[in-house]
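First chain A sits with chain B, and in the next complex the same chain sits with chain C.
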Partner chain A sequence: MKEYFALIFTGGKSLIVGMMITLREFFRPIVTVQYPRETLPVSPNFRGHTILIRDEEKEFKHRCISCKMCQRECPSGCIDLAGEKREGVKGMVLVKYHLDFTKCSLCGTCVEVCPTDALDFSDEYRHVGFTREEFHYDLLAKVEEKE
Partner chain B sequence: MTFLPPELLRILVTVVCAIVIVFGNAVVMGYLERKFAGRFQRRPGPMEVGFHGILQLAVDGVKLVGKQLVIPRHADPVLYRIAPIISFAPSIMPMLVIPFSPKLQGRDFDVGLIFILAVVSLNVLAILIAGWSSNNKYSLLGAMRSVAQNVAYEIPMLLTLMSVILVTGTFSLRGIVEAQTNGIWFVFIMPVAFIIFFAATLAETNRAPFDLPEAESELTAGFMTEFSGMGFSLFFMAEYTYMFIACSLTVILFLGGWQGPPLPFAEYSSALWFFLKVYVLLILMIWIRWTFPRVRFDQLLNFCWKYLVPFALVHLMITAVVLKL
Partner chain C sequence: MSTDTVTPLDEHRYVLNMGPQHPSTHGVLRVILEMEGEYVMNPQPVLGYGHRMHEKMAESRSWPNFLPNAARMDYLAALIYNHGYVGVIERLAGIEATPRAEYIRVITSEMNRLQSHLLWLGVLVLDLGAFTPIMYTFEDREKLIDILEDVTGSRLTYCYMRVGGVVRDIDDKFISRTREYIDWQRSRMPMYENLVTGNIIFRKRVEDIGEFTPDLARRYGLTGPCLRATGIPYDIRRAEPYSVYPEFDFDIPTETAGDCMAAYKVRFREIEQSLRILEQALDKLPDGPVMAKLPKKIKLPAGDATYTVESPRGELLYHLTADGSDVPYRMKIRVPSFSNLSVLPEICSGMLLSDLCACMGSLDLVIPEIDR
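This part shows the complex of A and B:
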């Protein structure tokens, strides 16, 4: 008989404790992020597709010297770049830098191997497209349009 | 308005108001439930449709109306179709006798309380029909659980009602409210009866933590599993309406009905106090739902037969003795 009433007491108490916990949570701030309108900051370690770093001091706004080291080192063979010699310009001028992001495994070898540190990972994570060609990025065009 | 006899007009207005309350309550409760559920889990709840998702329920309603009523191949076609109607239709009738304020009451029955209990208990039949006719094991299990639960919990509920009736000496809901004048609400005189009654109504309306008939994790949706479109939403609205009725009864029996600090035009506007109390109780129900886990079936019946029924009986005896002295 004693246990019977003890159970009522402890049970009732635990119910009230539980209610207080949910009440406390009720008044604490919301933790979910309303995604399309709010976004979380991207971690600096995040690896998006590679980009040419924009450098205002250089003549062509990037540091690439068309040495093709990245193209040679790329294990997936997803980089296609070309440079040409121009009158009055020292060294090669980059005329094409295509990245096939459908093949890229984001290993970062190109970023590491670049002698002029011209490449870096972007923080772009929203890739949407209906055809695979939409993931063939023209990095040269991207660095030019970034003004 | 000479072409309408006043009595007919009164009936029309009452019925229209009752239906408005039923649908309005379903919309408000649907919104409150989702918003509160979100807040308890530190989410914002519906946010997309309208300001803070106010129009979400309207959109959901349109969606449900537009959906096809799928009937399972071996389901009983007649019973399957009428089950949601049997569940929903009686939920409007108690609105006719609930006294919202001294003058806002459809009819003051001498047996108003018994009328409400009789009409509301039809819902069990509807759930049984729904579970049986769906030809689905989950539906049938949910329906059987619902019947067992409702039969068990009706006993403590009625026993606590007896205590109140012994004090007031009337079954008329208006009479019960008027017996609690000057702030002497029955919740202060018999708090135990209030707690037993509220716990029993939670089980009667199949609300969590007693929502075994529709236990999502075991029975998908219980007796509602096979229902789609308006069939489902009629059950849904009926559930919210029965919650509203249960809370209204609690307010009338224990919390002094429409009574509260005086308002201008108190004969009508004191309905505000009534609705305020009812919605506080409904929010309490939501709070309970999002706090406690579902009880096991043996725990459910143990709680009723071992705790609620003995306490209600003892309470009834004590009330009778005190009144006789």
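This part shows the complex of A and C:
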């Protein structure tokens, strides 16, 4: 009988202790961010999908020399790029840079191997689409339209 | 396996299928339970729903291409898996990372361990039916992940370590935020002690549930906090020191009871030990480059190497055999959860179904790591 009441007493005590903690939590500042209506700033080091850096000094506004280092080193084989020789232009000219983001694992190997530092990570973290093709990014078009 | 479920049993026995999408199996684990009333007579785990052939992938591509895969095996300890993989390559190729890089590896690994333990604390209590603590642990965990995101660039599946060092150096902002976090986490621990450890319902649910014995641990290769709950102070960080762990002063928490409560207490005290390591590492952090000077193409010599690290769940071992080419000949990964799960049929026979959830929760299973 004594044990029974002791159990009720300890049970009631731990209930009150727990309730006190939740009550104290009730008066602390709210940490939840109401996501679609408010967003947190994205860290500058965030690694989103890769982009070609826009460089105004270059003729084609990017630094890519189509050496295909990134394509060769990519573990997932998600980069498809092509360059061509053009009259009067030194070196190769990039004509296509496709990134298949459905396969990319964001390891950053392409950014590290790039000899001209033409690639960087974007801070885009919201990717929504209905088809896979919506995640096949054309980085060359992206760098050209960015003014 | 489907024939198992239709085998006629005794009058009283029946087969209950738990998973592969049960909330308390933490992933795609399926357990076939032979029940008698509410008592589990014979639980049989079924694995392989998340099998992605990571070992085979390592054997079919050149070694740098496996780096992002290491993080995908155990999503809660991605940096520690990174550490093990770059460690085995470094040991085989005879490369040494710079001192600062080793310290950063330890700092980030311990932060990764902390966030894994915080998630475990939340979901163990969630499995037992209490919802509130997971909200508090997630608040702490969010702070940690934000700090890690700032330096590694991702939030869960990091690909931060490279052979010879790490990708990005940590800055003063990182250090001050981590110090702030350490104080914050210390101030939160008494709250968890009152809210969870002292709670009478929680105690009744985990005390004397499960029997981890040293003998069982030896037979099944049980490692990690569940092994330390049997009283054996076996931690790779001390038993087979790697990286710069010998330079830090920390304890290996052990308990002798061998039940789920002991496993809980060991993990709970490990949080404090990780904070201690973090503090010391930040104090001792040497200057210098974070990437060693290496030839552009690292050749793997023929031979084999083993590297063991302590993951939040136990002993993680990488064994790599190379035949002189760029592609590893064989890569064996020993994951802790696989051995830890294999004790389930033995210790959970004759248990109530609700106690089985407590037992699986204290094993801290990560299913993609088992299936890998």
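Descriptive notes on the structure:
Everything below uses one rule, namely that the second predicted complex is superposed on the first by the 112 of 147 C-alpha atoms of A that agree within 3 Å, B and C clash if a C-alpha of one lies under 4 Å from a C-alpha of the other, contacts with A are read in each partner's own complex, and residues count from 1 in each chain.
Please note the rule applied: contacts are C-beta pairs under 8 Å (C-beta built on N, C-alpha and C of every residue); 3 or more make two chains touch, one makes a residue touch a chain.
Given the structure is predicted, the values throughout are model-derived calculations rather than measurements.
When the two complexes are overlaid on their common chain A, residue A:30 makes contact with chain B while staying clear of chain C.
Touching more residues of chain A than its counterpart among chain B and chain C is C.
In the superposed model, A:21 makes contact with both chain B and chain C.
In the superposed model, A:105 makes contact with chain C only, not with chain B. By the touch criterion defined above, A:131 reaches neither chain B nor chain C. Contacts of A:45 after superposition on the shared chain: chain C is touched, whereas chain B is not. Comparing which residues of chain A touch chain B with which touch chain C, the overlap comprises 15, 18, 21-22, 25, 31. By the touch criterion stated above, chain A contacts chain C in their complex at residues 7, 10-11, 14-15, 17-18, 21-22, 25, 31, 43, 45-47, 73, 75-76, 105-109, 112, 121.
Listed in rising order, the residues of chain B touching chain A in the complex are 36, 39-44, 47, 287-288, 290-292, 307.
Remark: chain A residues 8, 15, 18-19, 21-23, 25-26, 28-32, 34 touch chain B in the complex.
By the touch criterion stated above, chain C contacts chain A in their complex at residues 61, 64-69, 72, 132, 136, 139, 142, 146, 149-154, 157, 159, 167-168, 191, 194-195, 198-201.
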